[in-house]
Every structure is written in structure tokens, then in C-alpha cells.
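Every chain is named by a letter (A, B, C, D, E and F) in the order it is written, and numbering of its residues begins at 1.
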């Protein structure tokens, strides 16, 4: 029995509200249950030094949490520096989104995706990727409307979902009470039926290949639902 | 003529939505026109070392801006450290809120007010103080309901408003286009008809005592309206 | 009764000794009673990036305290980084001095005013502004003598004084014992009969508009005396 | 054809030399081809604060690279701080090793595994895990010989190997020239026939589930060979 | 011919003014020609953790330069952190002063010597040691007068002087123009006729043992003169 | 009697193994008894800004210790920043090596010598200088073979040895047990029969000129032996 009463393969309610920022070139507020992440896309016509005059574009991401997004207040990273966890997540979000970008078609410009967790209840990195892709899509749409990009550099949505083994049972889309108890869990990033990145770990435990395959089946189902929600929100 | 079409003594629309955070002991989202600040109050039963065994409580504040709260994306402070401006603002917010607290009645506990700017259009520090007091009030209400505090440590609302001289005319509640042009401006923090803090400055310019008095009249009117909005939101 | 035995509107003795640094383009040691601040002006023919090719000059300030300028030794900021208080003060000193500068007449060059507190007894930021202006005046005088500046970019002296309510009585020029007890105090920066910046606050308390006006009267009298001392020192 | 001339499922030569540090409680130098990592285990009878009086032990890891371990000299992290990549790797190594530890049997003590890359040619994080387990095993052996630990907290070796798709072909144990070209690659951490952690990613690309399964087969074979080498070295 | 017109074995004028700080337990302003260093001694009844309950005292030193102590303005270390040079100097000053202290007689307390360079013209570290000892002596005198120390923990003065080979000639007490040209120079710290520390170096050059001996003769003469000045100032 | 049983003027066994790094332009592993330092030379065709277009080359050094090079594990400097001791040592190594370089002959390029202590047993800075020169020599040999340097910028080897007074007796080449007990010790850097740098100090003690001369005699003997070992290793 899951703490939320959900069925093993039941995701939390997904709400993606677009256009929430007055200033950003693309934005959305994604709510996966009680996990709320504000995603903005910022366009910069300059690329990082290593891409100068390469003709290639760049997509990067930064991640943060408001200090009281969590049950207990966390120290503000602006005062203490980014933790290893934060750096790891933002590197992951950037890699995931780049996997779905044709950087030649994007042209020599950079889009920065800021993912800021307003409220956390597990699965913030997956929400950041899923919402971040929507913000990116909106920014690219604007560039195409303005004629600055001719060929669409994006194809199918990139989304991410967590799965894990909670109380001996494989479950989809872990919330915080499940996440903090699960022995084995993973984040599965997909685009269409292709895999972008898999991170499975077992803090203080191990898992079999069969278990891995069950989780991967769940994740495939979950990402299909997320892709539908992304496309719906963009209509 | 103001860029927004407002009359000289006309404030922007004020919306204060309470209870927006699932985790915080008190919270609100305050919108002063397009300036949106999320304010949360976090209770800590431990006080800072200098107050240990003093019987006195403490209220402190921290302030931040999401990188794309502004027209152009700003560098993330978690990567670069808090700027002097940020530190100055959070010290101001903390001092302002403490001025309205009876620290003996609060008892030996600390309440931290986090003010995070989701979207900026001028006047963020004033919105942080005004919204921060609402979050503080809600957290104190909870402590009183729970019987942990007997005597109410708060009295009249603490609020803040900016005034300045824009295009030669004294105006109330400057938005960003006005703020960036005004030669003289000030932030006026009040509680009831008492002053808590005044900061008036004139970047590259000066002002007369008469001008100061006109701005102070405007600020008194504006803070009265804010106090009414604070009390209304708390009903 | 004031701890020093001074009358309510009596300032401490002011001594401004010019030309105290062999290397700086302008310098003075200002002593306001037992508060001693060494002020130097350093000329740099390059301006900050945001002013490049603007034709405008820049005046900025930095502030520091020797570790044993105070009653108890403070931690050295070179080992611990600048505190929020230090950053707030140096931003104030810079703004205050710029208010008295015609940046077109100054031309595209930067003058940095270093204000280092050798000994502290309250009012160090006011002494830094008052002495800083003298150092700036001397550096500008040299540039004019050398023909590098034609039109004088400075006019009336910029000075600053603190006032507060100590033991229920409005007093001028608070020393440390008064400053640490005063419920309400403010720093008033003026040039001629114009106001440059006002910062009034009430740590844990509030004040009325009448009290504000009394303090402002005292400050006007104090700044007139400081301006006379500045001009006398420059003769 | 692989740049090294190896067959697709051929690992590099593995050499594990134990007892290389005079001071450490356990140590080895692991050479996977031209990737050389020095691993030391340091015992501390104090655990981190969150484990005090819990009766549970802790294993943690730190990772570093000598500046000229790489083809071009990298900046020294002692001067610039640990990069996000470094932090990510050392968190991974610690998690991986903890998965193979019975923390009750270890008792309330901490073992820190330092993994320092002397020379790099791809696969340094895998070598760090594989060598780190050997250093950990030796330190635990010493504690058991000394009677400080009764029940062995370790079971099967923990090891790690990379696999990827290079020039369209799945290959085992990527060296640097392969690693920098491979579109898809992964690190597979195992103990016995159980999985500890999987990280598969596709910088700028994607992969199918079939490809994943092929790589996982290769990794299973590679980790079996590494486990044999670990046990051989410990004889 | 020396730039200053001094004879090879002629020191600059030495002035040591004691009691210059209102707050410090001991203080002096030492002027060696145009090198001016303010030295204060601060008493702390707590020792560093490694000496707790050892019965031994500690003397330590910190060193700084005001940004415009030098010909060109240097960056403020409070904004940029202490340079390697600064750390090296303050470690040297602390070691030098400790060499002249009986730490049992001092008792379990710490004295911190702050040496802040107000104006620099070469030889600041030597002036810091020489002046630092005077400040230390005064602080110890106060402790003895107050009966907190019975046996005098200090004996002969500790002083320091630089010597070098300038334009082919051995010279005593290098000023800045000499220091920046000298191929070989050294700092010689002595107490009575005993050596405390010698640091001789030859940036981009080398020296013979004979040259070393000539410089050491000069240094012995210079330190004798400094010791006389120290004792004279303390009368 | 020395703890190691060595005679007063007996050095530890010296082993210098060259060509230990696959990537570096020059490298060696120097073992002075149980002190093992890996030295690499990295060529950079760009010089630091202050040498641009000067025609002069630059040699610099960086120093580090693996956390468990020492008896007790030290904190990793990559997490905590370089200590003052580390910075002092690397400045010393760089100065020492530059003293033996004709920077005109080297031409406008930079060679960075990284000295990383793999295992420590006293005298690491001396081993770093001695081994660093060998790495530098090898890198320069390569540049000469390639015709990029015509005139050899190096002449006699630069080496360093420590001497001190242990248990009342002057001894050569202190190991850690001696180093931690010696009242007086020094590091003597030489090239041929010329001195490059002398650093003698007496933590909590003093020494006579006669003692200094005895130690200098020992050091001259030791450096001659080291120079022979350097040349032998380069054959």
C-alpha cells in the first residue's frame, strides 16, 4: 500500500502551466502532485567560449531549491554555495535536454534553463527535466516565429520519471515519503521510445536485472504519459 | 505622466495570497503589480548563540531573486555568492520586522522569513517586508493556537512602500521603469502611524527637506493602504 | 546627561589632517573625537567596464576596520571576507560622494576612496564620508593643477553626521556608548543645505515624524560645522 | 576496430598492487591499462554527527586527480575548488562501496577511501570503485585481526566497469580515445551477480533498450573478471 | 650609490611611538623611514584548541596592508582573500615573536599581534617584527603589573632587518627602490646575539657563502641598533 | 643517536625514477627514504600576462599532498583550499627552480612543475625541489631535441636538503621523527657551490652563528650528493 493510496503504476496528477514569467523567453510552472518547479528559458546570443565560431548552439541548465521548499528549512545555497547534489542535478538536466536538441539547427546561441523548486515532495529533478523541456520548446517556438531559426532543432519531448521498489513492490513516480524509504530507485529520462539517461542506485542495497526491467517498463509507461501532458500544455 | 498611466498617488494593485506553502509555518505570495514575492516563515526552537538562555526570541530574514525574475537574466547567487545589495536588503527586512515584535512575548525561539522574488518590477524589498509580516503573523498565530505563545508578540502590521521624484513629480509606489529613472527615491517602513525605518537617497543628485516631506506624506498614505490589505488577507 | 558630558547639540572635536599618505593622489586622517579614519584617494585612468567610452567618470569607495580598532578585537576581514555591514557602508560612502560629483566634468577616469578605520568610537561611516570627500577634493585639485580636468566636478562639501535619541533626548554626533544604547538613530548626509541621503532606523522600536524632524534639525547644524572644518582643512 | 586493437569484449590489463602506503590502514595501486589510481583507506573512530550513538558505521570516499594525470594539464582543484564532476564521482564511489557494507557489523566507526588518479586514460571512476573496495577490504581485515570487528561487514567484492557504443559497436572497458568519441556509454557497478548502480547516458544522443541490454551483458562479464582480480590481489 | 644617498651600512631613521591605540593591551606605531606599521597586541584569555589545558601560552600574528600603502593601489584583501605573500609574512612574524617567549611563564592565554602597514617603502615584515615585539612587551608589562603574570616571559628584544646586495654592494636596511632591484637579499631576525630566523633568497640568481657572511655582519649591526631603539621607546 | 640509526651526516637513500608519467613533458618520482614525491613538468606556450611580449620564459611550481600521505589523514585541500604552508612551499619551489634558469634562453614559454607528495616522512619541500629540477631538465631536453630551444637555459642542478640540530647534535637530512623534535632546522637550496636560498628557523628557540655554519657545512655535503644523484638519474 502506497502512503498516498495510489496504485503501483499510478502517477501523481500532472499540471503544466505555461507563460508564467513576464520576462523569460519561455516558461512554465510544472506541478507533479505537491512537487512544484518553475522553469524558465533565457536566450543569450553569445555561446560559451569553447563554442565560439563553431556554428553550434548550447543548452544548459541551473537548478535551485527555495530554502523552505522542503519539510524542514534548508540552508540557502546563496550563502553556502551549491551542494554536490545540486551540481549533480543541474548537470543531469542540461545533458538530458541537450540530447533532444539538434545543435546545428539551433545555431550559435545559448539557452539557459533555470529550474527552481518552489515546493518539494520527491522527484524534483524529473519535474525539472520535464518542465524544462516545455520552457525550451516555447523559447525555440519564439525564435522560429521570429525567423531566427529555420529548421526546428527539437523533435519529441524529453521527459523524466522516477521508479523504485517501495515496501517490496515496484512503483511509479515516487513521492517524498516513498523516496526516503525506497531501497532501490532510479530516474529514467526518455524521448519517444528512446532512452536518454538512466540512473539507478541502491543506497545500502543491491538489485537484480529482473527488477531493473520491471522498473524500466513502468518508466516507459510514465514517460509516455508525461510526453502527452507536455504536448497538451503546449497547444 | 507615469509610464503605467497611474496617477501620482496611485499604488499598483496589491494581492496577498496566504497559505501558499505546504511546509512553512506561515506563508504568502504577495503581488504588487508585476512584482511577485514568495514569503515563508520557518520556526526554529533554537535561537542564535548570542541569545541562548536570554529568554528573548529572534526574527531574521533572508532575501533572494530567481535568476530570471528580472528583464535580463542575472547570475545565480548560489554560484556567485550573495551580492552586497542582497545582503543589505535582507538585513533591512530583518530589522524592519523585528521592530514590530515583542521579543519577550515571542519567547526563546527564532522565526526566519525567506523572501524570494519570483518576478521583479521594482519595489521588491518593500514587497518583501509587507509580505514577510503576513507570513510572520501566520506563524505566530499558529504558535498561539498551539498554546506555545500566550501574549501576542505582534501588534500593528509592518509594511513598506517606495516613493520618489519621477520626471519632476513626487510619485507613490515606483515600478521598475520609474525606479531606474528617478533621481531621488526612498523606502518608508511604517507600523500604524509610527516610522520604523527611512532610507532616502539620491544617486548622483540631492533633495530638499520640502521634497522629503512630500514623499513622506505619500508614503504614509501608501502604508495605510498596505496595512489594510495585510489585515484583509489575514481574515 | 551624555556619557561624555557633552551638551545635546555638541559635536565631538573634529581634526582633519591632510597629506598624510606619501603615495595617494589625495589623503587625510580625520579624527572625530576618538574615531580616527584614514582616507585616501587613488586615481585610475580606466573606468569600470559599464562606463567604457561613455565619457563619464566614476567615484567609488571601500571601507575597512583594523581588527583592533574596536574595544574587543574583531576577526580580520581579509581572512573571513567582508561582512554585510562593511559592504553596506562602502556602498553608502560611494553613493554619497558621487552625489556631489559632476561626472561629465570629471571625465572618463575613476577615483577610489579607501576609508580605513584606525580607531573606532562610533560614527565611523559618517567620518568616512566627511574625510573621504576631503581626499577626493585633494585628488581633483591635483588633476586640475595638472590641466587634466578643466571644469571643477565638485561643488559644496559632502559630509555626514549621526543623530539619535539617547536616554529620551535627541543628541548630535553619537559616540559608541550612546550608539549602542540609542533606540532610534540616523545618519544624515548633506551638501550645502541639500540632503544627499537619510538612513533612520529603530532597532526594535519606532519613531514619530516629530522626532524625525528634531533629529534632522540637529543634523543640519552638525553638517554645517563639518563643512566648515572640511574647507578649513583644505586651505 | 578499437584504437587500442582490443576485441570488443576485451578489457585492458588489470594490475592491483596492495600495501603501497606506509601510513594507511589499507591501500592499493590499481592499474587498468594506463589508468592508475592510488586508493587508501583511513580509519577514524569517530562517525559523522548524524550517526553519533547510532551503532552504525560509515564508509565515505573522496576523489581527486593530479593536475598532470591528463593529456593536457588541468587546474589544481586545491586552488580552484572541487568541480561538479569531482563531487559527483566521489559521491558515486561512496554510495557504491556502502552498498557492500553491513554497517551494523562495521560498528560505529568511519572509513574514508581516498582515490587519487595518478594517471588517467578513461574509466577513472570505475577504477576508483574497484581499487577502493580492495583498500576497504584490507582495512577491515586489520580491524578483524585486531578483534575490533567480530562479524565481517563485507561480502562479495564491489567493482565497476564502463561499456559503451563506439563506432557503432558495443565495447567493454572504454579507454580515453573511445570514451571521448562514444555517443552512448555507461558505468555499471556490481557485486556478485547483483547490480549496485547503473549510470547510462548519451551526450547529444539516445539509445534503445536493446542496446542497453547488450551493454549490460558486457558489463556483467567485465565485473566478474574484476572481482576475480580483486580476490587474487588480496591473497 | 644608494638611491637615498645613505651609506652602505646606514639604516633609515627609526621612530617607535608607543600607546597609539586606545583599545589595545599594547601598541606602537613603528616608522622605519617611510615604512609605517601600526602594531597592536590583543589579549585573549582563551588559547587555541590544541593548547587547551596545557598550561602553555600562545603568541600569534596577523599582517595586512592598507590598499594604498603602496605606490600603486593594491586590491583589498578583505575582498580577495589573503595572498600567499601575506600568509607567509604573518606566519613568519608569529614564529619570530614566539622564539622570544617563555610560554610556560606566559601562562595559558593568547596574545595576537596585528601588524597593519599604513605606508610601505620596503622592509614591512621586518618593521612588523620589530614593532610587534614592542606591542607584545607592553601587553606583557600590563599583565605583570596586574599580577596576572609573575615571571617575565620575555627577555631580550626580538628585531629584524633586511640586507642585500644592491648594485654589487652589500647594503643594510633596503628601501623599496633597492628591494625591487636587489638580486640577493635576506631578512635576519635576531634576539641579543642569537639568530631566530634567516631567510636569504636570490630571485633568478645565486650567492656565495662569503656574501652571506658579509650580509650577516651587517644584519648583526642593524639588529643591535633596533634593539636599542626598542628599549628606548619602552622607557 | 638518530631514530633511524643513521650517522649524523648520513642521508637517507635517494632514488630518482624518470619518465614515470605518460603525459607530462618531463617527470620523475623521487624517493628520499620514505618521502616520495611525484614531479611533473608541463609545458605551456603561453606565459603569464606580466611577461607577454617580453621574450622571457617562466618557471612556476605547485605543491600538494595526498590526504593520506601522512601518518594521520589530513583534510583534502581541494575541499578546504590551500593552506598557508602549502602556498609558502610552492612559492619556494618556484623561486628555487627559477634561480637556475636563463629565462632569455628559455624563450617566451612557461613550464609548470607539479610536486605531489605521495608519501611523507619529512623533507617534502626539499625532495620537491630536487625532483622538480629533474622534471624540468627532462622537459627542457625535449624542447632542445625538437629545436625549439637553441641555448641550454639550465646549468648545474638545483637541489635542496634539510639540516637541523636534533638532540643537541647537528644532523643531515631530517626525517619526520627528527623534524618534529628539532629545535633548530633549515632548508638549504644550492646549485653547484652557490647558494640559492637559505631558510633557517627556530620554533620557540634560537641559534648561534657557529651552529649555522656547521649546518651549512652539512648542507653543502648533502647537496653535492643530491646533484650527483640527479645527474645519474638523467643519464
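Rule of thumb we're sticking to: a residue touches a chain if its C-beta (ideal position, glycine included) is under 8 Å from a C-beta of that chain, and two chains touch if they have at least 3 such contacts.
Molecules present, by chain and UniProt name: A, B, C, D, E, F = Ribonuclease PH.
The model shown is predicted, which means the values in this text are computed figures rather than measured ones.
K.L.:
So which chains are sitting against chain B (Ribonuclease PH) and chain D (Ribonuclease PH) at once?
P.N.:
A
K.L.:
Could you tell me which chain lies farthest from chain A (Ribonuclease PH) when each chain's centre is the average position of its Cα atoms?
P.N.:
Centroid comparison gives E as the farthest chain from chain A (Ribonuclease PH).
K.L.:
Among D-F, A-D or B-C, which chain pair copies the contacts of C-E, with over half of them the same by residue number?
P.N.:
D-F
K.L.:
Between chain A (Ribonuclease PH) and chain C (Ribonuclease PH), tell me the centre distance in angstrom, where each centre is the average of that chain's C-alpha atoms.
P.N.:
51
K.L.:
How many Å are there between the centre of chain E (Ribonuclease PH) and the centre of chain F (Ribonuclease PH), using C-alpha atoms for each centre?
P.N.:
It comes to 28 Å between the two C-alpha centres.
K.L.:
Return the distance between the CA-based centres of chain A (Ribonuclease PH) and chain E (Ribonuclease PH), expressed in whole Å.
P.N.:
Taking the mean C-alpha position of each chain, the two centres sit 59 Å apart.
K.L.:
Listing for chain E (Ribonuclease PH): what residues touch at least two other chains?
P.N.:
There are none in chain E (Ribonuclease PH).
K.L.:
What order results when the ring of chains is traversed from chain A (Ribonuclease PH), passing next through chain B (Ribonuclease PH)?
P.N.:
Moving from chain A (Ribonuclease PH) on to chain B (Ribonuclease PH) and continuing, the chains are A, B, C, E, F, D.
K.L.:
Residues of chain D (Ribonuclease PH) touching chain F (Ribonuclease PH) in their complex?
P.N.:
21-24, 27, 34, 38, 40, 42, 44, 62, 64, 66-71, 73, 76-79, 81-82, 86, 112, 114, 116, 118-119, 121
K.L.:
Given the complex with chain A (Ribonuclease PH), which residues does chain D (Ribonuclease PH) contribute to the contact?
P.N.:
Those in contact with chain A (Ribonuclease PH) are residues 84-85, 87-88, 90-91, 95, 98-99, 101, 103, 186, 191, 193-209, 212, 216.
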